[in-house]
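Each structure below appears as structure tokens.
Shared between the two complexes below is subunit A, which pairs with subunit B and subunit C, respectively.
Entry: the complex of A and B
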């Protein structure tokens, strides 16, 4: 089952990621987005001390910098002009817009890094098996075939290498050709095999009745409480967002960045949602260390 | 066949209505959100149809195997950048097994390969682009020019570009307020070579291996009476 965030029911986690993704694309106040990025970075740190985040770092940094640097120069909308570059105005609005866009994308990327760790294969398929059972079953089968096919590929490649067919040498045309021949052998082999798999499924009763799913995850009292917690703060945040809090006007003229009292309310409730995994882990740590 | 064509017309009309609704009601400019909702609403009917249809065990396993081969197809070509046969396999599946199976193979191949390469905001776009590739291949398979080898090659070449354009869309949609012709052209110009490589490798595979693969797939189809 796992500890901490890994023991939370997949549906709760799915709701969490949906709401974070929604926030990232819904709010555009720089402070909100910066807080979101930092919160998700913290969440990633609690998962694996940031190992996965480090792997994605080059992509994240280059994408962010690219958008921030390029946007002001290709877009000249706005009224606060910094300077002119090749006859085009470079504006505060366009710069800020670049910052906002890049942070929103960064937040989505961080979300997916965390999602790939927490809602790994089984859990995400569990969610879809409740919504689209046949599709989820198809995907599950397909995922199971991948390592099998890889093993077969190495086998075929070993045999073909003896015959002198390789994709390591020669012109691109010949390499592509031998790569495809290897795949063709794989296809002919695997299609026959697939029929056999299906027949053995049928022999064991596939399709005779309704498919009964194995349910490895049960919703506990804790899960329910967390779900209510998330839902309440999500609704507060979204309601605030629809009233215009947490958002700024960028084009055609930059509006105010000022935080009104209600902005603080929306901001806090957003943070309460975004930091949910950190709270779960923190609670676990406290319990482990200090409870009798 | 006739039914699925009606169905597709219906879906594209729904898409059009969604497009207008988004312009009218979503003036708060969350374009990425709207675009994801749109993609979801285009794809969900296909999956729901698949759920409701009576699919035999053999057919499900066959579709899963095709999707897996399309996803694994990248492996032997690891040494050849931007040459990958995934699109070719999806087109073949669409031509032999029809539009709906083509869509399922394409969309599932995108999910499955991303399980190993990492899911991200690009997953729905990839699912959509590859799914549509398989679907259009299935829809056009009766057309006279699609039966000839050059017609298939043209189709594969066009999809090399269409696929790249769809994938560029997610960058553009997430940055749409900055949209200017310079930006638009810049994004598309930066992908021209990749799209060209994709299109050309599709043409190469379709020209050299198209007939052979169709034979293998049709043999299985006829021998076991699957997805006809």
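Entry: the complex of A and C
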């Protein structure tokens, strides 16, 4: 099951990602969002030294730039006017709105990159199996067949290529025809083999009664403590948010970006939630290095 | 205690003229290791499925099947599921979940066990099988042998009293097959579990079995202890069953002047004791080089390197191979040694990252598919993938019209005749047995009169008779000038029919030569009969046929 963040119960992690997603939509203070992006980048760094993040870098950069550049030109609300472009006003408000939106989107993207690493495959299915057991089971079955079908397809392609049926060479018409034939064989063959799969499920009692799903993950004391920790800081942040902290007014007229003392409290508790994986990993590191 | 009793069981599929099982009576005692043999289509799988209530095929069943003294349908459904478990032939088809752990507990989940019970059973069984390391892997990433162990494990968690297995090793390589069989023996010996095994590869099983049953056309022909059955089969000289007798037992019956039932050798060790070890210095390996053919080179691979993905290791490295016109060349090697990859590179399905492959002197990379693919044929492991049409005849007609063969009908008739499959011409390919469909596919391929035939694991899951027929067929085709490149792990088959073979290891050809040069003297990579005759008073042989030909006098005991 791995250590560090991977040993945390999927429900705790799921709650964490839900909170982050909520924050990304809820707060719109640029400082909050920037801190969120940086915190999530740090989280991703602890997962795999940023390998996955690097792959997404071009998407993230181009998306952010696109929104920041395009928004002021298509949106002309606001009172602080920079200049006029083709008769339309380009405002500070719209620019800032673009920045805020792009950062909030960036946060969601970073969240999913991290989620993809931590709650991979079976963990996410496990969460859904508690909510939608039948759907999760069906998804599991289908996922299992993907590599099987892929292997069969390669085999069929090999055989049919030597027979003169290929989708890689020849006229488009012939390729399409070959492709159809290959799929037809794949379908017929797989259906035939699926009989044995069905038999094997039946032989092991599938459909005889109510299934009792195996629960591979147990909530430990540590998980409980972390969950309480997350919940407390989440509630503080949300309560603060409803009182107006961590939010700014952009339209129709830009409000102040000033930080009040209570803003700092909300900001810190937000960070406490967002940096949770970093804390987990850091604690683990300390234990490794300094415990006897 | 009597576990199963079959009283005069007759079974036929709906609308079928023939009965699949005809008056079968059989008892299976608790704790017995029973082996059921027989050619494909002899009804052994149907017999096995009848013992498992949930898998009983629809059809007309006469006679009665008692489980622990009560007919099957009077038992509680749940109890039957748990007590009688079934493992299928294909390792892949039985797996339904995407994680090993989930797959193992699948049966327990279905039956609604508590998590406590699941954890307990998993912990115990996983340890017994030593598969902790793969618990969180995906089944698609396991080897065939591991998959079959997983299937076994998954049913064993239900704590069955009897385990039914339908040719569980037919899709595995010899090493993995042996591992599985040893696991079964251990289960039988250590837990007293009853095991009923339908199997073609019997050589090692005779020594383990308490009871051997042979079937033909739905009837039980032989039934009894291993040695009794061997003796009876030998005396009857039933040609269809002789290949099922282990080669060394057959030699014993042939060469022993006074064969005694109790001393029929069932293992290599017993056979060696019978022949008597050679006091003289063991024959030094001969360093003779047989005359090589000097015909033109047809397929040549030069320093070929291949890897499937950038991060994965090279499957082929420094791979060198030449196949001359008219040769029967075989590549043997363990699972994952890269032999199938080499074959696929040979007909251009994969493009090597480095190295050259030449067919008839021309570089494959520089040719269009259409320029040369008509000259070759490829017989895959699963010949079903070859067929597109509803019947074999339609398939052949469509091929001949594509290739514009004159007198198509006559050629088709002739081919079907030489392959002795005229009776299958209007049958759907999926309704044929493994041997039949293979022959049909071969017949279709020969329509195009290819120069070279690529074959991938042709003997997988085949009964000994079909194997023999295939071997003879291939030899005949070779004599007619066809070049054959075969990849297999069936050493018995290679030793008997191939002309030149090579052993593959770690992405390259480790050794090559005639079967004699390559296999004699190996410990594992050789036939059982070779192991039994090495360093004995008799000449070392690879096959039964060779022994009959070279051993002149009966062994002196």
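A few remarks follow.
Convention: the second predicted complex is superposed on the first by the 282 of 292 C-alpha atoms of A that agree within 3 Å, B and C clash if a C-alpha of one lies under 4 Å from a C-alpha of the other, contacts with A are read in each partner's own complex, and residues count from 1 in each chain.
Here, contacts are C-beta pairs under 8 Å (C-beta built on N, C-alpha and C of every residue); 3 or more make two chains touch, one makes a residue touch a chain.
Small disclaimer: the values here were computed from a predicted structure and weren't measured.
Annotation for the three-chain superposition on subunit A: subunit B and subunit C fit side by side. Applying the stated contact rule after C-alpha superposition, one finds that A:149 touches subunit B and leaves subunit C untouched.
Note on subunit A: of its two partners subunit C and subunit B, the one contacting more of its residues is B.
Once chain A of one complex is fitted onto chain A of the other, the partner contacts of A:207 extend to both subunit B and subunit C.
By the touch criterion stated above, A:141 is placed in contact with subunit B and with subunit C alike. Of the two partner chains placed by the overlay, only subunit B lies in contact with A:104; subunit C stays clear of it. Contact with subunit C, but none with subunit B, is seen for A:215 once the two complexes are overlaid on the shared chain.
By the touch criterion defined above, A:189 lies against subunit C but remains apart from subunit B after alignment on the C-alpha atoms of chain A. The superposition of the two structures on chain A yields an angle of 70 degrees at the Cα centre of subunit A, opening toward subunit B and subunit C, reported in steps of 10. For the pair subunit B and subunit C, the least inter-chain C-alpha distance in the overlaid model is 9 Å.
When both complexes are aligned on chain A by C-alpha atoms, subunit A residues 121, 141, 143, 157, 168, 184, 188, 192-194, 197, 199, 201-202, 206-207 touch subunit B in the first and subunit C in the second.
Residues 22, 25-26, 67, 71, 74-76, 94, 97-98, 101, 104-105, 108-109, 112, 115-116, 121, 132-135, 137-139, 141-143, 145-146, 149-150, 153, 157, 167-168, 172-173, 175-177, 179-180, 182-184, 186-188, 190-195, 197-199, 201-202, 206-207, 247, 250-251 of subunit A are the ones that touch subunit B when the two sit in their complex. Subunit C contributes residues 52, 54-55, 77-78, 81-82, 85-86, 88-90, 92-99, 101-102, 105-115, 118, 136, 138-140, 151, 154-155, 158, 344, 347, 349, 368-370, 373-374, 376-378, 380-382, 384-388, 399, 402, 430, 454 to its touches with subunit A in the complex.
Residues 28, 30, 32-33, 47-48, 50-51, 55-58, 60-65, 67-69, 71-73, 75-77, 79-80, 83, 85, 89, 104, 108-109, 111-112, 115-116, 118-121, 174-175, 177-178, 180, 182-183, 186, 201, 204-205, 208-209, 212-213, 216-217, 220, 224 of subunit B are the ones that touch subunit A when the two sit in their complex. Of all residues in subunit A, only 1, 121-122, 140-141, 143-144, 147-148, 151-152, 155-164, 166, 168-170, 181, 184-185, 188-189, 192-194, 196-197, 199-216 touch subunit C in the complex they form.
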